[in-house]
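Chain IDs A, B and C follow the sequence of writing; residue 1 opens each chain.
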Amino acid sequence: MNENKFQDKIDSERKIEPKDWMPEAYRKHLIRQISQHAHSEIIGMQPEGNWISRAPSLRAKMILLAKVQDEAGHGLYLYSACETLGVSRQELIQQLHDGKAKYSSIFNYPTLSWADMGAIGWLVDGAAIVNQVSLQRTSYGPYSRGMIKICKEESFHQRQGYEIMAEMASGTPEQKEMAQDALNRFWWPSIMMFGPHDGDSPRTGNAMKWKIKRQTNDELRQSFIDKTVHQAEIIGLTIPDPDLKWNEERGHYDFGKMDWDEFWDVVNGKGPCNKQRLDHHKKAHIDGKWVREAAKAYSKKQKDLIIN
Amino acid sequence: MSENTNVWEVFIQSKNGLAHKHVGNVHASDKEMALQNARDLYTRRNEGSCIWVVKSEYIVSSESEDGEAFFDPSNDKMYRHPTFYNMPEGAKHI
Amino acid sequence: MSLLNYTLRIADSSLISGQRLAEWCTNAHTLEEDIALSNIALDLFGQANILLEYASELDGNKTADDFAFKRNEREFFNLKMTEQPNGHFGDTIVKLFLFSSFNFLFYNKLSQSKNKNLSAFAFKSLKEVKYHLKHSKSWMVRLGDGTKESNKKVQESLNSLWEFTGEFFEMDEIDNELNKKGIGVNNKSIKEDWNNIINTTLLDSKLKRPEDGYMQTGSKSGLHTEHLGRLLSEMQYLQRAYPDAKW
């Protein structure tokens, strides 16, 4: 009965709100997806944070810092959305630290040159935006509202990355080499950000039925690739895929095979920065314990003072 | 000591004269921190002229199961809406 | 020349404290505070940018980025306090509080400068610094009046950073010259107000004001602690490694 009513609501494009009845599996799916999304924003601050102190101009420094700060903000919007499902931020962070919750594997790759700031903005944010634009229509109200806010704020992120790439690609030979190298390293992990092929993605069925996801992994990936090829051409960089070519019949680009063994290795902890990223997050959390305790003790004293 | 801090709902008045609008929430252990966190999180792009924060636990919400009982009765009270009334042709300023 | 030097002193303090604060990004105890510290760092970089643009105008040759990324440590004039390592959150808050309380009063005076660029800069920055002061002050109180541990920690921060407050109120020839012309601030004249801010805040924070002992000096003539060199070698890395590149 409830289940039918729920599905009717979904089918008629009405949003599900926190106090509405929902199947337990829907709630669980949302918690997993939103928290993974939130953790990705937060862990994703690290590879870019790595270059704030070394940004090559005042303008670049301010932009990068503002961008990383936005990511913290977006993480917070998403933690908030997740909390409406009855799980606290504390629990979510614990799950991250315990390795029970995942984040996007792309952030387990190191940022080795300034051009990587370009590649991340252009490709990683570019891929994320394709996904997020689609998620603005997700069926869960708080998630959808969070996505709308995030998309609005994120519109500059991809541009700043592409600007860096364009500048470096037309700069000195060394700069161009760095730009191409960054593209080479980030291309494949970026297109794998959309997740496994639809046939290998066991949860896609429910997620589509419940309209948590509005487009499948392969659809989103294709739309990202179609957009990006031309952008690479304009700035004179080569996408590292010899099989990439326009398919007139499909009206899309064909592209080469992705290395899913590497993808699953990195997801399962065997990536260049998995340990580093998690250790960094844990350390900040542990180092800050005394501060959180002090703030709490202070607020308790204030309450004890007010007798009314 | 429990690590969970209080959650505060944030309402922002985007321009002087407009109503405050709910924008989301922040975690903070005291009201001053809640205000400052809300300012830093929700007005990074010049979105606000005034902020309210209120502890989430003090928000009382209607239940969605009560939805029909709460909201349907006002469906048929059209006389609350100005367009319900017939005005004589040519009457102005009313 | 004096004016250029005077401008660089203010710019450098903003730039270097921004650089330090930005190091907090991804390291704060909550996401909310991570965002707050980044916001303050962004204000400080913005301030540095305005003044280095002005310095570039005065110099006629170097760009703002040349000033930031191509000067050596003996050519930097930031207050020594600003280059001190972040330490723990309490160290950073004490540093930010002491520096912001000074800046608040300093910009207040500078906003009356006869130099239009400096007065406009100070007027704009005053609003930002007022918030930095508010934010750091509320953390001084929380940490000072929080737990025993936090009180002890922040008292130690205060004790060890105190020797860097002497520089706030120094006056050298350039300061005197520009103050006479109505362009620069008489730093000594703000000491009393500064004392008031410090004393009331420390009282609210259950912290003890350290005795004035040995006071650091030297930044006005480009003499620094050893920390600045390392900070600059990181900050200036790309500009130095690829001198022909544009970014």
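Rule of thumb we're sticking to: a residue touches a chain if its C-beta (ideal position, glycine included) is under 8 Å from a C-beta of that chain, and two chains touch if they have at least 3 such contacts.
Note that the coordinates shown come from a computational prediction; the quantities given were computed from them, not determined experimentally.
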Report summary line: Closest to the centroid of all CA atoms, by its own CA mean, is chain A
Report summary line: Quick note, more Cb pairs in contact for A-B or B-C? It is A-B
Report summary line: CA centroids of chain A and chain C: separation to the nearest Å works out as 35
Report summary line: Taking each chain's mean CA coordinate, chain A and chain B are separated, in whole Å, by 30
Query raised in the report: When the C-alpha atoms of chain B and chain C are each averaged to a single point, how far apart are the two points in Å?
Result: 40
Report task. Return the residues of chain B touching two or more other chains; collapse runs of consecutive numbers into ranges. Result -> 5, 26-27, 30, 33, 41, 44
Query raised in the report: Touching two or more other chains, which residues of chain A qualify?
Result: 66, 69, 73, 76, 289, 292-293, 295-298
Query raised in the report: By residue number and range, which residues of chain C touch two or more other chains?
Result: 30, 32-33, 35, 39, 142
Report summary line: In their shared complex, chain C is touched by residues of chain B numbered 5, 26-28, 30, 32-33, 36-37, 40-41, 44
Requested in this report: Please name which positions on chain B make contact with chain A in the complex.
Outcome: 1, 3-5, 7, 24-27, 29-30, 33, 41, 44-45, 61, 63-65
Query - Footprint of chain A on chain C - complex, ascending - result: 19, 22-23, 25-35, 38-39, 41-42, 45-46, 48-49, 52, 64-65, 68-69, 88-90, 141-143, 145-147, 149-150, 153, 234-235, 237-239, 242, 244-247
Report task. Spell out the residues on chain A that touch chain C in their complex, using ranges where they run on. Result -> 42, 45-46, 49, 52-62, 65-66, 68-69, 72-73, 75-76, 79, 114, 167, 171-172, 174-175, 280-281, 284-285, 287-298, 301
**Report entry** chain B partner contacts - residues on chain C that touch it in the complex
**Finding:** 30, 32-33, 35-36, 39, 134-135, 138, 142
